[in-house]
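Both complexes shown next keep chain A, but they swap its partner, so chain B is in the first and chain C is in the second.
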Partner chain A sequence: MENFFELLWQPFRDFWAGLVGFIPNFLAMLIIIAAGFFVAWVVKAVLSKAFSALSFDAWCDRAGLTAMARKANVWSKPSDIMLKVVYWFLAVVFAMIGLTALRLQAIDSLTMQFFTYLPRAFSALLILIIGYVITGFVSRAVLIAAVNAGYRYAKLLAEAVRMLLIVLILAMALEQLQVAPGIVVAAFSIIFGGIVISLAIAFGAGGIEAARKVIEKSSEEKKESDRDIEHL
Partner chain B sequence: MSDFYQTDIITTLHRLGTPRLERLEYELEGFTKQRPMTLVLPALYTEFQADAIKGIIEELKKVRYVKEIVLSLGRASDDEFDRAREFMSAIPYDVKILHNEGKRIKEVYATIDRNGLWAGEDGKGRSAWLAYGYVMAAARTDVIALHDCDIVSYSREMLARLCYPVVNPNIDVVFCKGFYSRVTDRMHGRVTRLLITPLIRALQKLVGGHDFLAFLDSFRYPLAGEFCMITDLAWVNRIPWDWGLEVGVLSEVFRNYSPRRVCQVDISDNYEHKHQSLSADDASKGLMRMSVDISKTIFRVLAAEGVVFSENFFKSLEVGYLRLAEDTMVKYEADATLNGLVYDRHEEAKAVEAFVKAIYKASQVLLENPLNTPLIPSWKRVSSAIPGVLDMLRAAVDEDNR
Partner chain C sequence: MLPCARRGRKTDKMAEQPEKADIIVGIPSYNNADTIGHVVRAVDAGLTKYFPGKKAVIVNSDGGSSDGTPEAVRSATVDHDTFLISHPAYPVNRISMPYNGIPGKGSAFRAIFQKAVDMQAEACCVVDSDLRSITPEWIELLLTPVAKKGFDFVAPFYSRHKFDGTITNSIVYPMTRALYGKRIRQPIGGEFAFSGALAEFYLKQDVWNTQVARFGIDIWMTTEAVANSFKVCQTFLGAKIHDPKDPASSLSDMLVQVVTTLFDLTEKHSGAWMGVKGSADVPTFGFRYHVGLEPVKVNVEKMLDVFRIGVKELSGIWTDVLGPGDFKEVESISAVPGASFRFPSGLWTRVIYDYATAYYRKKMSSEHLIKSLVPLYLGRTASFVMEVEDKDHDGAEAEIEKLCLEFEDKKSYLINNWR
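Moving on to the complex of A and B:
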């Protein structure tokens, strides 16, 4: 009978022992998360002052980043968007660190995955930002060059170049994020290859006459030069 | 108007014979295929509660040559904006409403502001300027016509006559201003009759022959709020946000284009809209504020043209103006008597006295700070400071109208 009662109590004792062992971990998690929010708040306040001093919003306006956000129907100030991103990034990082304090295997492996994925996300973001700047620069250069050359469809050409570069950059960013990399690379190869082949066919078929003239002209020039009298 | 007199340097297009609206509209439909047109309507929400706008919308519903209407709505809440949209939905072609008090447009203003440019205070000038920005961002039309939304006597013939000279490539003008008389049982338009014309002529006496003064004097109704222009003009024009708007627009047209490409057109036999009180003792409201702002604008343009102003100049100007204004009153009294109109000489004399005060106040403002200009920067200037601003504006308007 005594054994039976022991059998009944044992799970409760185990549970209590587990709970007593878990509470410090849980408290540690809460403290780390709270500290994370505090650090995020401090960083946000400091960054807010820095953005204001550096006229970050005006810089974004001039760089065209604000217009890009507006096209995506985001109407907050660029500095506010940035501050929110930094705040929640820090909060999430601290939350992940806090979760490891629970010492649960499933959460530990999730946290590990999160931290190993961070550099990739950061690289993808950099690719997008630098790519956007380069895209703007190249399409503008194409537009100016085409307009100066008197090309009638200059704007269309510049837009086409811009779209092509955006596709390239998006593919690079997605590849970096390892989002269905096989599909991304295949899709990109098909689209990019398709465009290049279309252009090649269009120019090739349309340019047969022009190419023949160029070749004929160069061969005639060669014959002419063969007939030249060489003076000793 | 019964005469066919051509004023000094700009072209005047009169109402002669019995012009047929159907012919004008038929031709406009053809011309606007090559030169599509936008009608800009600056309006306050309070105007949607009045009767005039109902008549305007009824008339605009019948117009077939306007590609789109851009209504720049001021002082409206989000609910009022929705009601205005519903109201305008009766028009069978594209209508875009700019919600000046909406969060997106406010953010556009904030963006302009933080880049060291200022779009001015809320008012007709800023509303019209923003609407021009949207028209250029949308890039669908080549011609912009503008009129107010408080015209009680509106007919679509006004619009047809106003835009015809700019839309018709054979006439080839870049800017066309409407003119009309404002008569009920008496003559209205005190600021034009008793301030602007005598002031310009008094200035001509002191300064001598000056191209800008001759240009301004050529307009029969320089304060008319109805005009039509090519879109390029909206790109380079800097317009005042205060009551100097109409004169400021004329000064920019004068600065950027030859007067040979400017005209005025008789758009209506009679024109009726709301009347302003004189407010002679308070220079911050009513016709007094309008008079101060207009005088300031004229003085500032002349200063920019190289005219040197001084205390003594303005003393002579006030005396010269007063004499000319009194002479003008005599002429209008005779005109009113002949036509059987009421003419309150005392009220007119009080208005002239108030306008003298307005000229004095404007002169003091100019002498204290000649660089204090209430001009909204041109879209060319704004776009060079913030390259994506027009895209941003377009996104804001399109999203508000979705």
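Moving on to the complex of A and C:
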């Protein structure tokens, strides 16, 4: 009979022992997360003062970053965006560290995955940001060069270049994030290769006459320009 | 016996380099073997005839020519008997040397400035190596104001076809004149004379990795001389005839190099030009006359075509730079057909001032900004060509004068936007 009562009590004792063992871990997690928010808040306050002293917003305006954000429909000040990014990045990192204090295997492995994935996510973000800037720069250069060369569909050409670059950059970012890498590479190769082959066929076969006219026009212009005015 | 006479008066010229020289004449070159011989002969004759008592050196600063340009410099011979009564005191030495740095006219000039400083020259001048119309008198006209009249900088003044020099006539001359108040008619002429002190000043500036190293050198030299209160003048040289420019140097590249330098200097010297009102003539030497020049072919339709494409395709950039009001005006003139098309001087002035302000405020990459000016420039050039088509040289000059006055009148517009 005693054994029976023992059997009945044992789960409660185990639960209690587990609870007693878990509560300090839980408290440690809460403290780490709270400390994380506090550290994030302090860093945000310090950065805010530093940004203001360095005229970070004015620098972003001059560097064209504000205009870039506006194009992406982001209307906050660049310094506010940066502060929010830093704040939430620190908060999330501390939260993940806090979760490991629970010493639960499932959460530990999730946290491990989070930290090993972090560099990839960071690289992908960097690829997207740099890619966005390069895409804008290159498509504008194509637009201006095409207009100056007298091409009527300069905007269309610039947009086509922009689209191609966006496809390339998205493929690079997804590949970095290891999101179905095989599919991404295959899809990119098919799309990019398809565009190039279409252009080659359109210009090489369907557009022989048009190509001849373009080449003839450019050689005529070259001959004419020899007798043209001196701009300098 | 004088050294020259000892050598039988047909000067063999790559003698040992002297340590000091009174006068240095620089000739930048790159694959100019066909023309540089004539330039060297004219310079040599000019130095021997007009500065016989001075130690002079011709410095050829070459950009790595593969057509034998340095050999052409060495082998160019001058028969002094044909134009001299007495023999000069010193022979004219020649140095042909490669320059370092970014390939371009500016880097070639830098090597010449260095030589002038090293040799403690009092007076220097530079002439292009592709000139066909240079005569010995050019050397006298360029160097005399520095060597004998105490000027620091001499700009050239040429007789040019009314359609030529459109970047000068529509942007560089009106803007430089309005900003600094000096009427230097050819601020980017190509031939200049300067004192040894000014050569030293140029050499000390940290600009040799910018557009100054290329075509920007001409406007940079002129502006620095004016903005830093050096004594400036200009000298009339007659017609400038030279080989056609390298077709590889495209209009937009030239415009970027010249206008970028002009706007950089506008930013650098804002303290110097803000208070300047109106403009005044600078002393002009030489006997002024107008010469008949080869007819020039202008493809107005093509220029207008590029301008109209620009209005359609670059509307975003132009609205951003010019503002909606001026862009609307540009849009409305683009609808005017053929021969009645005109780009008003007032609008053109605001366009240039808006571009200068946008450059100063770094609204976008400087290269993109200036290249987006090309269609507007072509529109203005087409308008000018049609406007002066039936006018003579003086009539065309009167139109340029009107534009200059517009730049001066609207200077407050630039100042207000700048602040």
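Note that the second predicted complex is superposed on the first by the 187 of 232 C-alpha atoms of A that agree within 3 Å, B and C clash if a C-alpha of one lies under 4 Å from a C-alpha of the other, contacts with A are read in each partner's own complex, and residues count from 1 in each chain.
Basically, a contact is a pair of C-beta atoms (placed from the backbone, for glycine too) under 8 Å apart; a residue touches a chain by one contact, two chains touch by 3 or more.
A quick note: this is a predicted structure, and the numbers were derived from the prediction, not measured.
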Once the structures are superposed on A, label A:A58 by its partner contacts, choosing first (chain B), second (chain C), both or neither.
-> first
Contacts of A:R13 with chain B and chain C, given as first, second, both or neither = neither
Partner chain(s) touched by A:T66 [first = chain B, second = chain C, both, neither] | first
Of the two partner chains, chain B (first) and chain C (second), which one does A:L143 touch, if any: first, second, both, or neither?
-> second
For A:K77, is the partner it touches chain B (first), chain C (second), both, or none of the two (neither)?
-> first
Partner with the higher number of touched chain A residues, chain C or chain B = C
Thinking of the overlay built on chain A, is A:R103 touched by chain B (first), by chain C (second), by both, or by neither?
-> neither
Which chain A residues come up in both lists, the one for chain B and the one for chain C?
-> 62, 64
In the complex, the residues of chain A that touch chain C are 62-64, 137, 140-141, 143-148, 150-152, 154-155, 221-222, 224-232
Residues of chain B defined as touching chain A within the complex | 103-104, 107, 110-111, 114-116, 385-389, 391-392, 395-396, 399
Mind pulling up the chain C residues that touch chain A in the complex?
-> 161, 163-168, 188, 215, 244-245, 247, 251-252, 254-255, 258, 296-299, 302, 305-306, 309-310, 312-314, 317, 361-362, 364-365, 368, 371-372, 374-375, 381
Parts of chain A lying in touch with chain B, wherever the complex brings them together = 55, 57-58, 61-62, 64, 66-68, 70-71, 73, 75, 77
